[in-house]
Structure formats: structure tokens, C-alpha cells
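For clarity, chains are labelled A, B, C and D in written order, and residue numbers in each chain start from 1.
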């Protein structure tokens, strides 16, 4: 079932090491079929070199396995919670990519300091809080999803305008309308995290991008009158 | 039309990811035919893997499409303004290359701190100011070109001696007598930006290169009595 | 003799340059056959490109050559001391990998600041002290092993829970149940060293991972009820 | 003439981009035939992809071309001065490798902070002073060689024990008994420069390696009773 979506999720997972975002089996990409409410996700701890599209696991919106012989990613319930809450999301990616993880470990929001950021993220990428001990004990992976939702609600953010988050002490999650879009947002997030780290080192007084330039770059690519691309 | 120039521009664009200066479709290279006053430029948002020389777009000095089925780069008017003003320029490259972009985000001129710099840039590479809201609203891409010209005029710089600029909060533009030369200047600019960032981190009192060594290195390669190369 | 173990050790050594952890012939991997108490280790200073499985050297627990035409790694006695003392170790790797070596040169323990660390190391990776002149003169390589043992004893650490150490002014040793596991721990240690260095640069007040999250990540992968992987 | 030496110098030059030490045509390697007092060196500004062993240029100890259709490296006279003064040197390499160049731009000696350094350089790698205007005007490249000699004399250093130097505001020169040895020393110097830069960033109080460990590592590889390698 869902052969095409499995192929897409498989390809999205392969893109992650190709872009230098994951080592070994760290990281996972998924996508959802919104008509059937079924999620396709990478199996847990399987080597990329031998992994096949048919190894992708199908789970429902509670994270229960519907099809597949392998265990799904240990982060499956985080994906499921996000898909359930945000109907506009079609694909999700989690990595420990170096530079985004550094901001996550530093516990800092990633501010929009340049147009590379503005081309893809409409404002700061938030850093979510640590889970409490009670949340860890209750259901670590599902609660991770709830903390992401809480973060976006508290800051009144639109998940398609800011398609990613940093989990404090952990690493980034990104998403988009498809798994492929989520991969692209992962690549951008990691690059922007690198740019901004060294920008601060070079000039601790470096300014955030003026709102007018942030608007211009985000909207010329994603707004109603977008004129970037074909 | 302009088949050879299209091939050159196509090759120059392919050089950018090869040198690690662009990810995805970020960045663009162009060249001009000075006899016909026609610019050849990369199409907007087209994948490098499938892009063909015949996909290159021909535009006039106002940035209007003269030939081509694809939309030209969204930065086309910046290129056009520069070609129109500086007759000595034959090729232009724009990237968000990591280290040059860091200096652009920091809003700092890139000083000549070593001979790697002096071999290619005869003095500091200036960082141009942010565009005003009025400029953004009027014609963002064309005004970007005008701010570059303003910067070179205010500092009394020769565009062939200093073949590049940093756009504050954005990234570098470089140029040269050909698209290939502009690519080389992009590579050098990014490397020098990396060298100088870490030089400052290592020694915040590091000096600029003495004028005599700057002269020697620039002129032995680009002066009347140059003796570098064949 | 020990043909299969030689093949494993050979492959483990080849993994090191593939993961960017060693240049030239720096670094060495070994494994032990616990039934025969024989160690298989890389020969000293032999080029990876021409090295064959049959070049691996067999030594006993004192580091004496039992089979092989080549000299074993100059660090052989350090490996032997560790195998002799810690019966739970099956493979050992030594490198001068960039980021772990930086922490070793800085003389600092590597704290658990994120889940990348917690997934593989259950707490700080200790930095062992410099050897004294007397130790250097007595038997440098064997004493290096003793200083590692001393470090783990003083801190009351379990070598399988914290499968690595930093040697002050030198570089990392890692280990595991097999040579392959030791290689993985080397890769993780180097990545975590990079993450934590830049985390500190970004935010000098960055916190260590809360104990509850450290527990959760280490134990979901390595505890009794582990549910990571297949 | 000197076909074998040309092949060695050609291979040494190709190693430089392979190890990430040079971009484009920056950098040059040479070797000397001590019986004939003839130096073989890379031609100036020739592309590595098309360069052939027969393109190597033969010059005498004054830097005059003895054989070859191409201009020798613009740095030829620096090489010649060093070969003439130091009879123990068989090969020389000059690059603008990133991390060594950063120390050169910072104007700082590279101290021995770890065993990676001690395995190849017996103490600090000195940073030579800027040339004076008179020296630049007289004969820039030859005077560069004289400043290197001056630096080693003032500090009473043995060129085989410390087989490299940083030229202030420029980059490294390394050497050895052969061109291949000089290449290895270039790789080590760049890696050590990277290690030490970030060691200082991580811990500004990081110590130099104790003399006893410096002795042990240098001498077990290069001393009378060396036991590293085969």
C-alpha cells in the first residue's frame, strides 16, 4: 500500500546523508496521505545503504503500525502528533544536523539575520523548552510533539511560514507540504544556523534583518505575487 | 542566439555548486555580449542537474526577456543595472556562499589581511548599506544594483580592481571580464572571508596587510609588468 | 590465524579515514579474541591504500607479537593494557580526530550537552591527565593505558556506559563490544566534541542536559527496555 | 632531463588539491637534484587538470630556467634561496592552506599544543616578519627566502626538526627530505593550525605540551631509536 508515498519518503531519507545532515541512521523523514490519514516513516536504526522503499513503515495518526515488518522510527509519535494537529503539513524531517543542533543545545531562537533565512523562514525559528520530568515519564515522543505545538501557539506562529523548530538540547524538526519540502527546510535551517553563529562571532552587534527586507524576500518567493522560480 | 555565451554562462553556473558556493538553485551567473548589449543569465529556480545551456535566458539592458521560455533569475535587474553602468564588466555572479555571507550579515567591509586577498582584490571589499523601505518598494532588484554603484562611487573604487561587494544582510556579488573570472572572484572572496573571520578570532589585533605587500601581490598578477602565470 | 577477526579489524581501520577521522596512517583500530586472549591490531605506519587484512598483526595481552611480519601499531601496549583490565571491551580505536583532539588539547572533560551525546555516552567523557615524566620514561604506551584506568576508577565510571576518553594533549580513545562499535563511538565522540565547542561559543551559559533527558535517551537505546532499532 | 624528479614533483603538486590545501593554481611544490644542483618546480598558473609531468620547469640555484617552455612558479626564487642555504632540504611546498594561513595572517607562532604537532614538528612553528619596503622593492621572492633563513637563525632552529614556517600576512612554506615529505608536513601543519585555533577558543588557558611528551612523540618517530612505522 502507498507505494508512491513510500518511494517519496525513502528518497527524502536518502537526501539527508547526501546533504551532510545525518550520520549513520540518525534522522528520519516521513510523509502523510491525508485522504487515508496514514503516515509513511523510516524504520528505526536501519542502514541507509541497504534500506529499500518497501522497508518504510505505515502507521496511523496514533503512531500504531498499520503495515510493515520493521519497527518505525523511535520518533514516530512526535511525527504523528504534529500531523494530527497541523493539517497543512505533508512531510516532516528530524535530524541532528550540526549547526541547527548547536543552536538547540545553546537553547536559543534562531533570528532572521539574512535573506537566506528570509527566503524560507518568515521570522525567527523558535527553540522549544526542555520537557519536564513528568512529560518525559508520560510519553516522551508524543510530549515532544505537544511541546512543539505549545511553542507555536504561545508565539502565535504559522507552521508553514516558520516550517521548523529547535528542540532544546536535542536538534531540529522541519516540515513542509511534502517530505521533499521538509528536507529542503532542513538544509536551509542548518545553513542559516551556521551563518548566524559565525555572524555573531564576527560582530556581536550584528542586526536582525529589517522587516521590509524580510517581507520582500519571503513574499517574493512564497507570497500571493511570488515571482521566484518558474 | 548567443549559443557560445549560453554555454559559457551555463558552465559558470555549474562551477558554483562544484566549488561549494551554492546549495540547490541559490546563486546565479551571467555574462554580456557587449556588441549586441544582450545579457545571458540563469533561469530562476531551475535544478542544476537537469538545466541545459539552451535554458539560459537572454535579456536586454533593462532586464526584459529577449529570448527564452523560462523566467530569468529573480536577480536579473541587479545584473542589468551593473552591466549598464560598468562597461568594463563582462560577467557577474551572485551567491549566498557561507563565509562571504557571514561578513555581509555582520555588515562589515572585508579588509585585506593577507596575500590571498591581495592576489585578487586591490583593497577592502566594501559592504553596501541596507536598502531603504522606499527603495525596496520601488524596484528591489534594480535598486540593489544602484546601491552597489553608490557604494563604489562614495569610496572611489575601480570595479575591476575590487571585483566584488557584500550586500548587507544578504550576500556577495562578484564580477570580472567574463563569467569565468566572476566565478573565480567568488571562490576567492569566500575563502578570504573565511581566512579573515578566523584570523580575527585568533588575534583581534591582527593587522591589515602593509600597502607595499598589497601593491606587490596585486600588481605582480594584474599590473602592467605582471609576471604571474604564462 | 584469526582470519575473520583480521578482516573485521581491517574494515574498522578503513572506516576511520572514510569518516574523516584520520589522515595518512594516524589512528588505529584493534579487536580481541577473548577465548584465545589474542589481539588483532593495525600495523604501524602502513598506508591504508595498500594495506591488506593479512597485514594485521596478532599480539598477546602483553603486546608481544604472536603472528605477523610487520610491526604492530606503536600504541599497541595501550590497547593491550585496556583489554587486560576491562574484560567487557571487544574493540578499541585511537585517532587524532579533529574535534575530540581539540577538547583533549584544551584539557577539558566533554560534558553531555545534548541528546546526540546521550544516545551513546551516559555522561561526560573524561579527560585524563598528562603522564608524569617517570611514567613517560618507564613505558609510555602502557602507562597511557594505566592513566585511562586510573581516570575511570577515580570517577567511578563504567567503560561500556562511557565508551571513550580524551588523553590530555593527545586525542581520543574509544572502545565497545567490537571494533565496529568502537568506530561508531569515535564518530559520535568527534561530532559531539564539535557540537559542544560551538554551543559554548554561541552561549557560554549553555546548560548540560537535564538528568531525566540523559537517562531517557541513553536508556531507550541501551537500557533493559530499549526500543531503538530493530 | 630529470624525468623521475619531474614525475615526483608533478605528483607532489597533485597531492595539494587532493588534500584540500590549494584551490585553482595556488600553491607549488618543488624538489632538488643535489648532484646536479638543479631544481624542478611547478610552472606558474597552470591548471592542475591539464598539467603534465613534462610541464615541470628545471631551474638552477639562482632560479634561472635551465629547461622548460613554461614560466616557473612566481615563488621560484624563494625555493632556490632555501635550497641553496639548507643542503639537508630535498623538497619544498608553498600553499595558502586555510588554517596555516590564518595563523600567518594573525602573525603568531604556532605552539606545540598536542602530540599531532609533536609527531612532526619539534617545537613551535615560527611566524616570520613582514618584509620591509626595501626588501619588497629589491627582490620580493628572494628576500622572502632570506627572511625565512633569518627567522631560523635568530631562533636557532634546525630546519629538519621544524620543517615549516609561517610567512606573516601570507601563508606557510614547508619542506623535507623530499617533495613528498614536504607535502606531508603541509598537511600536518594545516591540521595542527586548525586544532590549536579551536583549542584556544575552547580554553584560552590551554597549556603547551610538556617538554617530556614533546620529546617522546618527536623522538619515537624521528629520533635515533625511533620505533614508529616499519
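Some notes on this structure:
We take it that a contact is a pair of C-beta atoms (placed from the backbone, for glycine too) under 8 Å apart; a residue touches a chain by one contact, two chains touch by 3 or more.
Because the structure is predicted, anything quoted here is derived from the model rather than measured.
Using the contact threshold fixed earlier, the set of chains in contact with both chain C and chain D is empty.
Ranked by separation of Cα centres from chain C, the top chain is B.
Homomeric contact chain A/chain C is classed as different-residue, with under half of its interface positions used by both copies. Note on chain placement: the centre of chain A and the centre of chain D lie 46 Å apart, centres being C-alpha means. Inter-chain spacing, taken between the CA centroids of chain B and chain D, is 33 Å.
Multi-chain contact residues, meaning those touching two or more other chains, occur in chain C at positions 201.
A ring topology is adopted by the chain contact network, closed into one cycle in which each chain touches exactly two others.
Here the chains touching each other pair up as A-B, A-C, B-D, C-D.
Listing the residues of chain D that touch chain C in their complex gives 19, 113-116, 119, 184, 187, 191, 194-196, 198-199, 201-203, 206-207, 209-210, 212-213, 216, 220, 227-230. Residues of chain D touching chain B in their complex: 23-26, 43-46, 70-71, 74, 96, 98-99, 101-108, 130-131, 133, 136-137, 140, 169-171, 197, 200-201.
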